[in-house]
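Single-structure report; data block below.
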Amino acid sequence: MKSDSAPAGGARSGDATSGPPLAIVIEKYADMGVVIHTHRLHGDETVVVHAEDILDVMNFLRKDDRLNFDMMMDLTAVDYLDNQNLNPYLAEMNARFEVVYHLYSIGKNHRIRVKAPLAEDNLFINSITGIWGGADWFEREAFDMYGIVFRGHPNLKRILLYEKFEGHPLRKDYPKTKRQPLIGPRN
Amino acid sequence: MAITFKKVDRNAKLTLWEASYVPEILRGMSITMRHFLTNMAGLVMELAGGRKHRKIMTLYYPEEDPVIPPSYRGRPALVRRSDGLEKCVACGLCEVICPPHCISIVGAERENGERYPLTYTLDGSRCIFCGLCEEACPKEAIIMSHDWKNLCEYDRSKMIYSKEQLLYPERNLVRRLEAIRGRYFGIKRYKNN
Amino acid sequence: MITLPDLVETVVKIAFILGLTIGFYAPIIGWIERKQSAVMQDRIGGNRAAILGFTVIGLFHSLADAIKLIFKEDFVPRGAETALHRLAPVISVVPALIAFAVIPFGGTYNLWGHETRLVIADLDVGVLYVFAIASLATYGVVIAGWASNNNWSLLGALRAAAQMFSYEVAMGLTIIGLVMFYQSLSLVEIVDKQENFYHWGIIWHFPAFILFLTCAIAENKRIPFDTPEAESELVAGYFTEYSGMKFIMFWTAEFLEIVTISALCVTLFFGGHQIPFVTVSGLIDFLGFLGPNGANAAAMLIGVAVFIIKLTLLIMLQMSIRWTLPRFRYDQVMKLGWKMILPASLIWIFLVGAGILTGVMPAV
Amino acid sequence: MTDAKKDYDFHKESHTERMVINMGPSHPATHGTVKFLVTLDGETIEDIDVEIGYLHRAFEKECENQQWSGVFPYTDRLDYTASVLNNIGYALAVEKLIGLKTPERCDYIRTIIGEMARMSGHYTNLGAGALELGALSAFIYFVEARELVWDLLESVCGARLTHNYVRIGGLISELPDGFGLGVAKAFKKNRELWSDFDKLLTKNRIFLDRMRDVGGISAEKAIEWGFTGPCLRACGVPFDVRKAEPYLIYDQLDFEIPLGSTGDNFDRYLVRMEEINQSMRIVEQCLEKMPEGPINVDDPNWRQPSKDESSKKIESLIFHFKAVIEGQKVPAGEVYQPIEGANGEVGFYVVSNGGGKPYKCRCRPPSFALTSAMPQLVTGSMLADLIPTFDMINLIGGECDR
């Protein structure tokens, strides 16, 4: 487990001191092999965890009194195809995708970003709809756009695109100009 | 100097009189009737004395035109120089920056070595009037003109504008040119009020 | 035994009423609705339809509408009950028209020795007749909704049925006090008794007027009671599947009902053709310089004009209500009808009875 | 409950059946394009399934293929009723990633234009709400007020709806001459129209009956479902990004954030009404305090050259060519920047790989989260309640479907 110090940039809104959420998470999961990486780039506290531990981590973040992340702000994924060097641990783990969660605590007014890398041959991660009901559609969208399967999701089907859509458009190997079979040729 | 929270008034309890619908209906009708009467007065006075008396802000469109501010982004136009040739040097910056990729240019060279666009096609049905081409253009050759009337066609194929359709004489674009020259670290300084 | 002059007189009166309602009011209401709402809302309103360059402040839009709708495809949806689908608009437009038969639009005038009473049929039970006919309109709506084979139409029709039947009850009761006051069910007699301005319905029965107008608007299914055709909920309610000429008929029926309601209000509460502080005979005497026939004819024209002015003002009142208020929810409409208007009108009947007994209300 | 009662099935006994109705994709109430599959028992909603995606335009995919500065037209089209707010959100995210500090005057102008956009968004929402409840005059009054705001925005930005005004490190242009006077004049009329709207509806019993105690949600549920913005504040939760994590110059301003108490439609309506007032207050304060100065960062890497400059200096011209064709290079990294949009928290999660195009540009759409809770809000209420609830949720198709 390694922890970067915050870079000089991001003077705008982030304070460079170690915020409580990240410190508490590091403390809790010290030497448990759950946390892969942490950083505070531009003041955004980020913790990267193993995908199989995501439910455990999320439960901790949600229920711990010091953290109390009661709101799941955003859930998305990033495809790091051929760009794994951006986050060195991705190449180590041979992971292509990363599921990104942004959490916020209303009472404590702090945020945290949780990331879970996923390898291309194992695009499964546990659904967090049991913790935040609002994650429902966000997970469906990530499934729709990246093909990541959220285990335990009550209704995992496409949401923005239609059922007969082929492929997952936000993957980097999906060409922008590709035509779908139902759409027909360019007029 | 502070941001504070305050509860809104839900008027949770209505008095019996208010709950009987009548007072609020009368109040609502007094408001709409006030609008009706002031607008009627304005319209009657307009018949007598011109537009400035009208209280209604709707325009009689084909007869009256709206006032277009200098910053308005209308139909893109290529600037025609005073000698009748286009200013454009076919550098292709607008082609690159255009978000919907509606511009396509084929460049060529004149005998005197000047580059110029052999064809300059702008698909008006795809243009989103963002003005990025105008910002990118280093020669002030493509300008978002103030022309907003000649944008509609019955056929999409007619909306693919050729160079000839896009060329405007520079004197018609002076207002807009002045507006964009004042941008970024430009000349104009704003005074409060 | 019907004599020829009587027959001619009746035919002329029917022609006049048809002309007034279908020929004049149906298009003019469309225009009033457009223009009045526009000016109320700081707009200009339709003013583009022109004949030879003359727009006549948008008056031709009604004509353009009519022409457009007449030439539209006459469409019957698949699975619809064709015969009933065609019949429904007729059923809803006819009652609105024939209710007018008992509404007096002028007084009694002696023209060339012929006693002329400006009402098509002077029924002794005029009020009852109007209510009886008005309730027929429900059939048109329900049949339209059911025969369209469309869920929205069906929902609209069900709402309409419940709402119209409920409000008929309340509407009938709001008038009872008035009938007690005038001691007659004949609309002609009621108008005649309002010759004295102090006996006008609006003066003694203002609460009844409010209640009656509410019920009448609810009967007519206009905002705030337009749940059966609420366009943001049920698309267009029971006439979702209607187009062209059949749609015009629903449209006309709605406009005619506005006229009928206004005419009824004028008759019951605003003294019909009467001018305040002027009696018909006094008017005829005043116009005596025109000769007996001329005076009568002039008085008749004045009476009809006064009636039409009152009618138009009431129509405009209804329009401004329609363009001001938001819409009720369906269950709230029913609640209002049964829990507020019905008891209120019963209380009003009681109060009128007490007033008549104690002599607070004058005997007329 | 006794066994006999449990076995008794009303629907079976009375031989009735449920009605399944397709509300949308083009239904008068669905002013974005959205489909509700509603199962009705009479007039009561038994079950509802919300289908979105009809307005999906591949926002993220397009952004990934566009230079950093070329993303702004796309962000315009997210919440198109308040498009400058999206511009600002994206600009702030990218500036945070680069570490740019915009001049103070730029922040002030961004605040002014952003608050005007918020007003326009709320006007649209409340006006449409009134329209759908049948109060047509009230709707037109707010449309008129919105037109006045749009006139101002047009004179600043050059377009009425998709303003495309903000740039990385600044703005495209200064405020026009006489802007302060224009604001004073327009706001006077706006306040009049606001009070007319308020008098027409806020105390009207018909409107109250339609809105009050309809479509309510508890604060805990709202937080769980990711509600933000006016809908969350209607539940009485004091969360506003402007206060929680002040950006631009909000911490130097004096204004109130309205809070509701029960979280029903009426509270949402009142919160939005009050926010319009507060936005006007903010704009007026900003105009008063606004300092003189530049509106763009004085950093040639991020500022586009002005027209004079680029046509006269060859270095500047070459730099401009490079900037446009390759895109301005943003340092690698990732950043999440929330701002308070008209509907709630608009967050931009931007990832850069050091290139001239965003590697990932994700927008956290507030109405997406709000719409996902629709079944929670309307199940068990009447069909007619769906309309005000859906309106106060304020689904903006462009934002929800992206």
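Here are a few things to note about the model shown:
Should a chain be cited, it is by its letter among A, B, C and D, assigned in written order, with residues numbered from 1 in that chain.
What we mean here is this: a contact is a pair of C-beta atoms (placed from the backbone, for glycine too) under 8 Å apart; a residue touches a chain by one contact, two chains touch by 3 or more.
From a predicted model like this one, the values you see are computed outputs, not experimental measurements.
The highest number of C-beta contact pairs joins the chains B-D. Chain geometry summary: the mean Cα position of chain A and that of chain D are 24 Å apart. Here the spacing of chain A and chain B, counted between their Cα centres, is 41 Å. Put simply, the C-alpha centre of chain B and that of chain C have 48 angstrom between them.
With centres defined as mean CA coordinates, chain C is found 65 Å away from chain A.
Counting partner chains per residue, chain B has residues 25, 28, 31-32, 35, 57 touching two or more of them. Shown for chain C are the residues that touch two or more other chains, namely 40-43, 323-325.
Shown are all chain pairs that touch, namely A-D, B-C, B-D, C-D. For chain B in complex with chain D, the touching residues are 1-11, 14, 18-21, 24-25, 27-28, 31-32, 35, 57, 69-73, 91, 93, 96-97, 99, 128-132, 135-136, 138-140, 144, 179-186, 188-193. Residues 22, 25, 28-29, 31-33, 35-36, 39-40, 43, 55-58, 60 of chain B are the ones touching chain C in the complex. Listing the residues of chain D that touch chain C in their complex gives 19, 21, 27-29, 43, 130-138, 140-141, 144, 200-201, 204, 206-207, 209-210, 382-387.
Within the complex, the chain A residues that touch chain D are 7-14, 41-42, 44, 46, 70-74, 76, 78-79, 83, 86, 100, 102, 106, 109, 111, 113, 132-138, 141, 145, 158-162, 169-170, 174, 176. Note for the complex: chain C touches chain B at residues 36, 39-44, 47, 210, 320-321, 323-325.
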